[in-house]
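One chain, subunit A, links the two complexes that follow: it is found with subunit B in the first and with subunit C in the second.
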Partner chain A sequence: MKNKYFAIINIGASAFRMIINEYIEGKEKTLEYLVKPLSLGRDTFTKGYIALENVYKAADILKNFKLKMDEYKIDRNYKALCTSGVREAQNRYFFIDYVKINAGIDLIILEPSDEIYIKYVGIRDELKEFVHYEKKGLIFANVSSGNVAVSIHKDNIMIYSAALPYGSLRLNEIFKYIPIINKYKAYEQYVSNMFYTIKTALPQGFKFQYVVVSGSSINLLIDLLNPEKNLFKKKDLLNLYKYIKTMDINDIIKNYNIRHSDAEVLLPTLTTYINLLSFTEKDEIHFSRTSFPLMLSNYYSGAIKDKELNKRLRKSFYYFGDRFKFDKNHARVVSKYALKIFDNLKPILSLGSKERFLLEVSAILHEIGYFINARNHEEHSFHIIKAVNFPGFSREDVTTVALVALLHRENPNKNYEEILVTLNIEKRLVVNKLVSILRIADALDANHNKLIRDINIVLVHDKLRVIVKTLKHPFLEEHSFKRKSKLFLETFGIRPELEVKIDYE
Partner chain B sequence: MTMSNEYLFINREISNVAFNQRVLYEAIDGSVPLLEKLKFLSIFSSNMDEFYMIRVAGLFDQLDAGYTEVDRSGMMPLEVLEKIDKISKKLFNEQAKIFKNLIKECRKENIIFFPKLEGELYDIAESIFLDAILPLISPITLSAANPFPFIYNNRLTIFIELKRDDKFFYSLIIIPDNLKRIFQIKIKGKHLILSVEDIIVKFLDRIYTGFAVVNSYIFRLTRDADLTVEEEGAEDLLKLIEHELSKRKKGKVVRFEFNKDMPINIRDFLKKNIGFNNAHIHVIDGKLDLTFLIDIKVDNDKLYYKPFKPLLPNTIPLTNEIFQRIRAKDIILYRPYNDFSLITNLVEFAALDPDVLSIKMTLYRANRDSKIIKNLIKAAENGKQVSVVIELKARFDEEKNVEWAKKLEEAGCLVSYGFVNMKIHTKNLLILRKESDGIIRYSHIATGNYNEITARLYTDIDYLTADEDVGYEGAQLFNYLMGYTEFLPKKERIILAPKDLKNKIISFIDNEIAETIKGKKGYIIVKINSLIDKVLIPKLYEASQKGVKIEMIVRGICGLVPQIKDLSENITVRSIVGRFLEHPRILYFYNGGNERFFISTADWMERNMDHRVESLFEVIDEDSKKFLWKILDYNLKDNCKSWQLIGKEYIKNTPNGEKPFNCQEYLINNIESPLF
Partner chain C sequence: MPQIAVIDIGSNSIRMQISEILGKSYKIVEDYKEILRIGDEVFLRGEFSDRAVDDILNVLKKIKSLIDGKNVDITRVVATAAFREAKNGYIVADKIEKEVGLKVEIISGKDEAYFNYLSAAANFQLSKSNAIVVDIGGGSAEICITDNGNLKNAITTNLGCSKLTKMFIKHTPPLIDEVLKMKKYISGQLKHYEINKDIALIICSGGTMYNVSEIYYKEKSKEDTAIKYVDRKFLKKLISMMEMKKIDIIKNINGIEAQRADIMLAAMLFIDILLEKTRLSGFYTLRAGLRTGLTIDTMNKMGFELPFQNGDDVRFSRLIEIGNKFSFEEDHARQVNFLVNKLFELLKDRLQLNEKYRKILEGAAILHDIGNYISYSSHHKHSYYLIKNSELLGYTPEEMEIIANVARYHRRSLPKVNHEPYNNMGTDQKAIIRKLAGLLRLADGLDRSHNMLVHDILINENNDVLQIKPISDMDIYIEIEGANSKKELLEEELGKKIIIT
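Showing the complex of A and B:
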């Protein structure tokens, strides 16, 4: 990699941050780091929209950030990402448009799953022991102003992941009318509800071994507790908590010499940390000092790569399937056949490795809806998949997989055109291609009994020869193949043909 | 007085006057050349003018507001004013006497002050009057149609009594700003110095034709000139400052000066018509307002300090290679012994260098025709991003700075005026340069202004480094000053007031106290211009009581009382007043043997620590630390130009049998060695 400059602007719920990095031979050097407090979250979490006055202020801040980019002659090498403060605002598109026109910066909304994924990748890159923690049983929480993003890992599987609306600024805003003397009780009750939500998703008797935290709250606690190494001790957090829990904001500012905005979120932050430790029955929290903008920069500039992502996701999707008692063998067989077809169609598919993985995930989860009912199971699959929230697997990816699963079964009584019209033509074509392949692969194990032992694919001119090896003639699969291969013909203009080969020597 | 109740403090204003007294006494120092002595009289006058315009005006404000609280020195505003009045009167009398003696000395050197305008000189004076003066003055003879005019701050004014047809008239001539105060004429090897007021008085009959001139008197008013800018909600600071400047000239009268021959009835008439009650009244024996003495130039080198050429170490190239040199090793310089033009040139190189991306600079007091500013404009025209943080509120330079701000903005520079309630006093230059191995930031950190004129008169430290941590924090500092971000230092190489600076200094002093408590050595040397902070002084007393040795080199105001048993016996305070104005702030802490050195822009006053953006920069380069140590050492060794504060009195140090050591003269002659 040659030297390059990359800028990240992160519009958080309580502050605007910007980092400009120089990447020399892949190594990062931070040239600039800017922080400008502006609490968009205060508007969003209480009123539901960003007040016009703050839209103007935001544009002014971003105009200055733009000047910094101009200084380094950064024109396109940047990403300006908004989290919950903008994401949850009803007028987010107006905000984005106003900033574009007035500051010349293109804003992107960062989805919660992307947000936590980037934090996960960032911290994984920084904390050497993180991989070990993932194996042993880890809760990773990103406590920020708007949300608490949580992911739980064990044996390198992501067991749970969610962005929960319990961020410190949000809590502060929700309970701002509660008197100081009782405020801590309100926070405790509210936060305990978050842990209840998490608990319901965990297997019985799940034990945590490690707690890792990141987020804007870290620096505040570092300043106040001055911890040795990257570790907060429960007793230190409790001591601080006991001391400040009924303290007036002005006294907190005076006693600790911190900003007003930090003083406001100190109590909700501590409440979350302490409850996190109680929930996990641990005494210490590991943390990362790497700022979110730096993580974003390293991620978007390609300085850190998550080579294990698909492997990890695959495991997690199987685990997810298990939770819904899916037919794992069927999932395995269908994904194997689907990928074989995909790989053999490469010259005509114009799809890449990303779509290949989406096909695989669709094959794994396509029948997960059986958990609810076999009848219209494809619809149930669609809804269950839509609830997937795995870091590294974007909302867009989730939607694609859910649609492919929905359409894997031809249902003459249903018309999904309404859903499909929301996609642009390119996306729609991708979905069609993947569904065409999945339908064939699914047909090849129609009986769910692995009658077909293996397949070979030969693409000749206008024909796709699917040669199946089997010990018994697969009547149901043959019938199913005929029915389910129509879309393939419509999509590619290639006629799929099934050739049965009895596998004997 | 014990530590448990009140600390001992010297009143700030009294200490300020005491500093001006030391300046005045340079005019009787035998080692000072004759014309330089005149300059010290001038500096004394302008310092006292400023003192009256700002400090005394402030005390009158307190008095008017009915403020009767006792300050840390145990004095109420009225008491302070009375004491100032008493000391000032004494000092102005001394100044007048010194000037009379110096006039005699000058006569021996063929410099003739205020000769009688007779014979040939009458004709010359007449020509000057008709050509240069008359077109610029506007006499106002008082009448029902011509009421008493407004008399602006610091304008010399002539009051004339006239008579016509047995009727008396009063007239006023306010000498305008754009009229020269003195006219120097060289005749037959003699320098004749004529004052504008003498010439006007001589030719009053030409102005008042038809009148008989009965008498004339000179007077001057000093007005409150403190610029109070209420910036809250100010849309455009630039416009606001311009507006306030126009108001400055019209502040309340705080001092009324006149010659002793002005009769009481005229004084009362003026007092009544100008409209003031409790201004200080100064009856001057001789010429009023001696600030003009700094403008006297004669072609006789022996009457001036020996000229010297500021030196640039030969290891420093005055070419574009300077960037490589800075990368190789930090550069520390001591103005005016070292040549400030290096910094001027550096800005020029940066302006022309295609690899430079941006230049950032703070401007507090720049000189007219500043090469630095011209080069900043050139850089902007060359497509570099130039950011300039201008302090519009720099006292008495506001007009100049407004002018620069407009020029820089027109050239396309990003100009920022800093903060609403804080002056920006830190002096920084940052150059970003794209080099083969990435972006390199060149930082210049100084204790003095980017002013090519005062760089020859003030002593200051210039520090140049390409250290990445310093560059990063320098960029942070500018982002903060431009309003882009909060200040977030990584390694705390740059510490800022008002956020952290005072607390850091306290922690450094505490560290020395802790060392002393452990039975180890505690040692602090502080070189600053003023010490009046109500937190830092008691902290120094505390350190002294715990056994920390403290050597303070405080040029001007000092509120600390040293050498008091059980309070400050381990503290010494000295002040150096000499050819150059001592200006750098250098701090030294022994730190258990791991000595720490800092340079700073901050004086130890609440004003600087709590209401200004000031910086404290740690020097870690070993050679630079040695360099700073030498400066402190020479300051402490000086026995020619230094004054020792004993209790509340300053006593001038003398060699007292030891070898005389004049720190400033020594540095002029030895800057090359041993410092380099």
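Showing the complex of A and C:
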């Protein structure tokens, strides 16, 4: 990588941050780090929108950030990213537009799954033991002002992921009218509720080995607890909690010499940390000292890479399928056949490894909707997949996979045309090609019993020979192939033909 | 979980169903049917011909290979009237066992009646009234008469529709005289049994009557459901059409199964006679009666019992069952149901809500959070979707739509006309949804901590303010805060300010 400057602006729920890094041979060197407190979250979490005066203030802060970037002659080499404070505001588009016109900065809204993904890769890059934790049973929580984003991993499978609306500033806003003497009880009950929600989604008797936390809340606790290693101990957290749980905000500010905005969120933050430890039955929390802006910078500048992503996602999707009691063998067989067809079509497909992976995911999940109801199951598959929120798997990918799964049946009940028209022509073409392949692969295991033991694909100019090996004549598969291969002919102008080779044992 | 396959070798069709047991319920994972009309020969000649035997064997081989492809733990095969009556019935059953490897139970008419009763009891609230469960097959018809949920009488008759047709109808369209004789014969066969206006419900199973209900639903463009209700007026219309038209024309009726076209008239006349005797204006049909009963019976033999068999309310049990399927928090669901029921009691007159909406509110309260299974964010919308696509019992399709909508509005946005499902409802239903959702939101707020702290609710009204007082022995800040943040819709509906103290 050549040497360059790269800037990240991060608009959080309680502060604006900017970092400017210089990258030399992939290593970063921080040149500037600016923090300006401005609590957009306070508006968003209570009123639902950002008040006009705060829009003006935001633009002023960003104008100054822009001047700083100009000093380094950074023109396009930056990303300005907003999290929940803007993401959840009803007037977010106005906000973005206003900032663009008045400060000349293009803002991007970071989706929750992207947010946690970047933190995940960031922390994994830094904590060498993280990979080991992921095998053993790990909860990774990002406790910020707006949300608590949680992902749970075991055996390199992500078994749970969600952004839950229990951030510290949000909690503070919800219970601001409750007298101080009772506040801690309210937080306590409320936060334990969040963990209950998580628990219902986990397998029974699930055991955690490690707890890792990131988020703006870390810095505050580092200041107060001054831990030696990158560890918070439960007893230290409990001690602090005991002192401050009924303490007036002004006394907290005085006694600990911290800012008002930090003092407000201290109790909800501590409550969350302590409950996290009780929930996991652990007594220490690992954390990383890397700031979120630095993680963003390393991610967007390409300084850190995630080579294991697809492998991890694949495992997690199989796990997800199990949750909906899908037919795992069928999913395996269909994805194997689909990929075989894909690989043999390479010369005419003009699709890459990304689309190949999307095909595989579609094959894994295409019948997941059976769990809801056998009737119109393709529509239910679509519905379930649309709600997938896996760090590292973008919204766009989710939409593609959902559509391919919907269309694996010839005449889906749902009116899909209106969804298709929202896609551009290239995307639509991708969907069409993947569906054509998936339908054939699905037909080859129509009976879900792996009657066809293996396939060979031979592409000869206007024909796709699908040669199948079986012990018995596959009547159902043959019939299904006839129906399900029509789209392939329409899409590629190539006629798929089934050739049955019966092995007599 | 274990899987059960059941095969029903009927006189008209051979059908197979594979179900997976889910503790207190089961789900169908495979369904297969072939219409063979094997009974026709038997009722004419008294035995199966070689060709018929070959046909049976071929279909069963296909079914066997379907079953072998799954992880089926137990397979049960039953044969009914055609096998009972054929002289070579037992010989054919042996041949099936040898050549296909399936052991066939030739069951009595009484057993057949019992399985149908089980199926009806699992799907209808039989304990509240008297009902007739009738299964019209090709060779026989089984009738169960129930008395407040108890099976009073199980009868097997020779009123199968193929058989009746063979006995009386020689022309197409049939002669008036042929139809009259058949009606008289059916009435005569039924006169010994207590079928009168004490009967509140007629439930039909069997493929032929089910097909009648399918035709009706097609004509009315109604959504396909497992349980269907058919108006007697429609039945009369279809009967007179079949009495007058040639078979080729009948076969073209939208939705009719052509192989059943000739025998449908006999089945319909039979049901019409029952409607006449009971003075009812319509009847229900149930898909897969015998197979459902057989599946339940097999589950019982394996040690599994369904909720209705413990005397529970079928409608309510089904709600809990669906909740469990989606791993809901049962305590919270029941607490919200308890609270919303209290609120309904206290406020139904002010909201002008009819008593019948209580059970709708109950459905929404029990199921409001099930969408969590799909994802926490937007879970209210997922709840809507799951309720819409889960088969609740004891509610009409319209009531289910209201339940789904009420659950959808238990949090976040209030009902708006740009929300499509809401907007598709009629004006009256919209008003109901708003009122019920208003109650549900407040009740959900009153269990904000999910700790079931509130055990009673009092209200006090003066002028423009309604005071709601949740009673608890514990501190309930969260509940009060929760209710406060969710009272807006109810305030709008009552036209009053609400204070929660």
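Everything below uses one rule, namely that the second predicted complex is superposed on the first by the 499 of 505 C-alpha atoms of A that agree within 3 Å, B and C clash if a C-alpha of one lies under 4 Å from a C-alpha of the other, contacts with A are read in each partner's own complex, and residues count from 1 in each chain.
Note that contacts are C-beta pairs under 8 Å (C-beta built on N, C-alpha and C of every residue); 3 or more make two chains touch, one makes a residue touch a chain.
This is a predicted model, so every value here is computed, not measured.
**Q** Please tell me, clash or fit, for subunit B and subunit C sharing subunit A in the overlay.
**A** fit
**Q** So, does A:Leu34 touch the first partner subunit B, the second partner subunit C, both, or neither?
**A** In the superposition, A:Leu34 contacts subunit B only.
**Q** Figure out whether A:Asn447 sits in contact with subunit B (first) or subunit C (second), or with both, or with neither.
**A** After superposing on A, A:Asn447 lies in contact with subunit C but is clear of subunit B.
**Q** Using the superposition on chain A described above, determine whether A:Phe206 touches subunit B (first), subunit C (second), both, or neither.
**A** neither
**Q** Look at A:Tyr319 in the shared chain and tell me whether it touches subunit B only, subunit C only, both, or neither; answer first, second, both or neither.
**A** A:Tyr319: touches no partner chain.
**Q** Check the contacts made with subunit A and report whether subunit B or subunit C touches more of its residues.
**A** C
**Q** Is A:Ile174 touching anything from subunit B or subunit C once the two structures are fitted on A? First, second, both or neither.
**A** second
**Q** Should A:Glu22 be classified as contacting the first partner (subunit B), the second (subunit C), both, or neither?
**A** first
**Q** Classify the contacts of A:Asp70 with the two partner chains as first (subunit B alone), second (subunit C alone), both, or neither.
**A** first
**Q** Between subunit B and subunit C, what minimal C-alpha to C-alpha distance in angstrom results from the superposition?
**A** So the smallest C-alpha to C-alpha spacing between these two chains is 34 Å.
**Q** Subunit C touches which residues of subunit A in the complex?
**A** Residue positions touching the partner: 112, 162-164, 174-175, 177-178, 182, 185-186, 189-190, 192-193, 196-197, 200-201, 370, 372-376, 380, 383-384, 387, 389, 447-451, 472, 475.
**Q** Under the stated contact criterion, what part of subunit B meets subunit A in this complex?
**A** Going by the criterion above, the answer is residues 357-358, 385, 414, 432, 437-439, 472, 475-476, 479, 482-486, 488.
**Q** Show which residues of subunit C lie in contact with subunit A when the two form their complex.
**A** 27-29, 31, 62, 65-66, 68-70, 224, 327-329, 372-378, 382, 385-386, 389-391, 448-451, 475, 477-478, 481, 485
**Q** What does subunit A use to touch subunit B in their complex?
**A** These residues of subunit A touch subunit B: 3, 18, 22, 24, 29-37, 61, 64-65, 67-68, 70-73.
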